[in-house]
Amino acid sequence: MEFYRSHVLICGGTGCHSSGSADVMEVFKTELESNKLENEIKLVQTGCFGLCAIGPVVIVYPEGAFYSKVTTDDVPRIVSEHLLKGRIVTDLLYHDSVHDDEAIKSLDEVEFYKKQKRLALRNCGVIDPEKIEEYIAFDGYKALGKALLESTPEEIINIIKASGLRGRGGAGFPTGLKWEFTAKAEGDKKYILCNADEGDPGAFMDRSVLEGDPHAVLEAMTIAGYAVGADQGYIYVRAEYPIAVKRLNIAIDQAREAGLLGKNIFGTNFNFDIEIRLGAGAFVCGEETALIASIEGKRGEPRPRPPFPANKGVFGKPTLLNNVETYANIPQIIHNGADWFQSVGTEKSKGTKVFALGGKVMNTGLVEVPMGTTLREIIYEIGGGIPDNKEFKAAQTGGPSGGCIPAEHLDTPIDYDSLARIGSMMGSGGLIVMDEDNCMVDIARFFLDFTVDESCGKCPPCRIGTKRMLEILNRITKGQGEEGDIEKLEELGKNIKASALCGLGQTAPNPVLSTIRYFRDEYEAHIRDKKCPAGVCQALLQVLIQAELCKGCGLCVKVCPTDAISGERRSPHVIDQSKCIKCGACMEKCPFKAIVKG
Amino acid sequence: MTASILQDEKLMELKNTIDEFKDKEGPLMPIMHKAQELYGYLPVEVQEYIAKALDIPLSDIYGVATFYSQFTLKPQGKNTIGVCMGTACYVKGSQAILDEIVREIDLKPGETSDDFNFTLNATRCLGACGLAPVIMINDDVYGRLVPSDIKGIISKYRTK
Amino acid sequence: MKSLKELEQIKQKTLDAVNLRKERTGGTRVVVGMATCGIAAGARPVLLAFLEEVKNRNLKDVSVSQTGCIGVCRLEPMVEITRPGEDKVTYVNMSADKVKRVIAEHVVNGQVVTEYTIGAAQ
């Protein structure tokens, strides 16, 4: 093996990829070659570092220099200054990664990482996900070896049970119990499934694990296969994640070649193999029975339970189904023991949770924190607060199944149970921050629009009930709300929750009910005063030019797409309301902040 | 079957995929993905061909094709514009981006232009939430957008 | 894969390569001054010689990096070596030939090669 004096880690996660990291990687390659450094410096494309907001991210070791927003134009400087001459290019460093005296902080000292504890993401941004040796170098596949050679299936299940791990896909069912049910189920053939159909809008932690550490999922599924007595696994992954699919395919090939998948793994008589199945864009397929139907090649419609998949799952056989993040925890639990995992988290929720932090927050990206961390710590300390000095209004967790959490609950330590108590849920881990400019009625409408579109149509409460709720919300946001609408929404919501067939329908009213619970006044303002306090609902707004502030510069006239603005130069302009489409382009352009929505 | 749609070359490739998955468990979805990739949509002739090859009713195939949003029964434009309507993008103004694109190319979401140059979709979360709001044109991702960026981006994909 | 031993072998083979990415390991640090003056004085061959030697001897826990101007241009190429728990030692007027001895005596055996150090030169 070559000895490299320096490693350049370039994030190849979807966020950075979208910001152009592949081009940055290419320029690094040619620059290193033209400086004859290619045998001294190793280029590594890794998984997600988490700080997507400042991508593309490049970290240079051994110094640990953390470069952010690197463009192809920056690369020659980094190579000639830093890599050739050893002078760190300070002005390209992420501002929070350096001390006041310009010394480089270790990653643990950077605000964004300080409060994090990376278990599921431990290898993301550290290893090259396309090299099985690097996974092995960080103790990969050791847990599988230990399990197969030194433990019985019962012992493995007992460790998972004792660890207190709960399903990271949303509902938080104890993982060990699921394993036990499947192990005890009678059947000549059993299956291990991985739910990588991450359809929750605003959640991308599973994608990052698959892209950054695919072998962890393969190893965990193989361990699960041994524990419950299965020899075939399927990973059901969204077709929208091409990078994840590519890396999974590479990882499966490498594992087969190394004899870590296939026949007689570790010289035992245990056989296991994994195949990938692509989803095709149906949110409901994240529900377990729908996912199973989809793998079988049918319409992805859920069915009533029982029988549970543990007894009658894919192709009618006992099936174990866990999500990606749950699996990502398994190898470490086997490796470090149940007590180690137990020591992190709260009484009833052990370990960590990965959140996809998005919306109105400075450091958008992926964060992994111990269960029990408060929203305030996540949003203000890790996330760096709300941009533009705006005021926090709500945090949305759990996507279309979850709810909006207002400022009064910012100090609630988050775990499965505390989130359920305040009317939301953990869900898969999307965490969207909203500020004063977001209308809560509009957000509720947004989620309902989503569930109506994604409802499979099998059961009437979901198919018809959510549609009726959406109609009411549409009316309210258009200024046609009536007295009694709020009560109607509450009643419909309660009934749908009680009677829908699957998790999608049962949780669909949550965004509406939680916003009514905490932001009833906003609903009332829409209905009674025909006003949208946040200035979002177009039908309730007018865009107006404040005559006393307008200098008549004419910039707004140029930018208006519908020619709705007119006026003499150097005198106040006016907007023709019949032409105005309220796009807000003039507001953005006005140098005097003379244009307002109201 | 019309020869124009079932071109030999594509059909051979489809047949290979069918042979690969035919005897495996749950073969339909991988085969339909391949067909969609080859033809860009699922013409009824292709659905009939798959039905015959797998010996299942055409209605099953049609049922699956219409259930999943990634499968389409209509030909798509040369350039597919996907505007992310995930939550993170939505709270950061993706609706205004979509409105701007609708104005710029005069298509509603789900429509394809008459010259088959553009198809516009309002898509589910693309997973690039850190860059919200985001649009994707074919495989290119554009992030941190404001409505005034749209004109310039779209012009790159207009037919000369 | 047949045994844990086989897995361990793959791990050990790759470990040195990835160790570099761990935060501030306690190993020996070799830092070569590589500003314009250093490069002009021949720091590149010195750096390459260190890399070669570390590789040939398969040394664990040694990082070789470079830094900017160390400050005494007339004594370039300069190299700083820090072993865990020991003070930094600065070598001056280094050449590729001297590297072998510094690695053998100082990095491996902990014996500072006094005659090459900055103290001896002044």
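Letters are used for the chains, namely A, B and C, taken in the order the chains are written, and counting of residues starts over at 1 for each.
The working rule: contacts are C-beta pairs under 8 Å (C-beta built on N, C-alpha and C of every residue); 3 or more make two chains touch, one makes a residue touch a chain.
None of these values were measured; they are calculated from a predicted model.
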(message) Can you tell me, using the touch rule above, whether these chains form a line, ring, star, complete graph or other shape?
(response) line
(message) Can you check which chain pair, A-C or A-B, has more C-beta pairs in contact?
(response) A-B
(message) Rounded to a whole Å, what is the gap between the Cα centroids of chain B and chain C?
(response) 55
(message) Roughly how far is chain A from chain C, centre to centre by C-alpha average, rounded to an integer in Å?
(response) 42
(request) For chain A and chain B, let me know how many angstrom lie between their CA-based centres, rounded off. (result) 23
(message) Residue numbers of chain B touching chain A in their complex, please.
(response) 25-30, 32-33, 60, 63-64, 67-71, 85-88, 90-92, 96, 99-100, 103, 123-132, 134, 141, 143, 146-148
(message) With touch defined as at the start, can you tell me which chain A residues reach chain B in the complex?
(response) 14-15, 17-19, 51-53, 55, 198-204, 207, 239-241, 277-283, 294-301, 314-315, 356, 358-360, 364-365, 396, 399, 430, 432, 434, 438, 443, 446-447, 456, 559, 561, 581, 583-585, 588
(request) Show which residues of chain C lie in contact with chain A when the two form their complex. (result) 1-4, 7, 10-11, 13-18, 20-21, 23-24, 29, 31-36, 38-39, 47-48, 50-51, 54-55, 63-68
(request) Within their complex, state which residues of chain A touch chain C. (result) 1-7, 9, 40, 42, 61-64, 84-87, 106-108, 126-127, 133-134, 136-139, 141-142, 145-146, 149, 258-260, 265-267
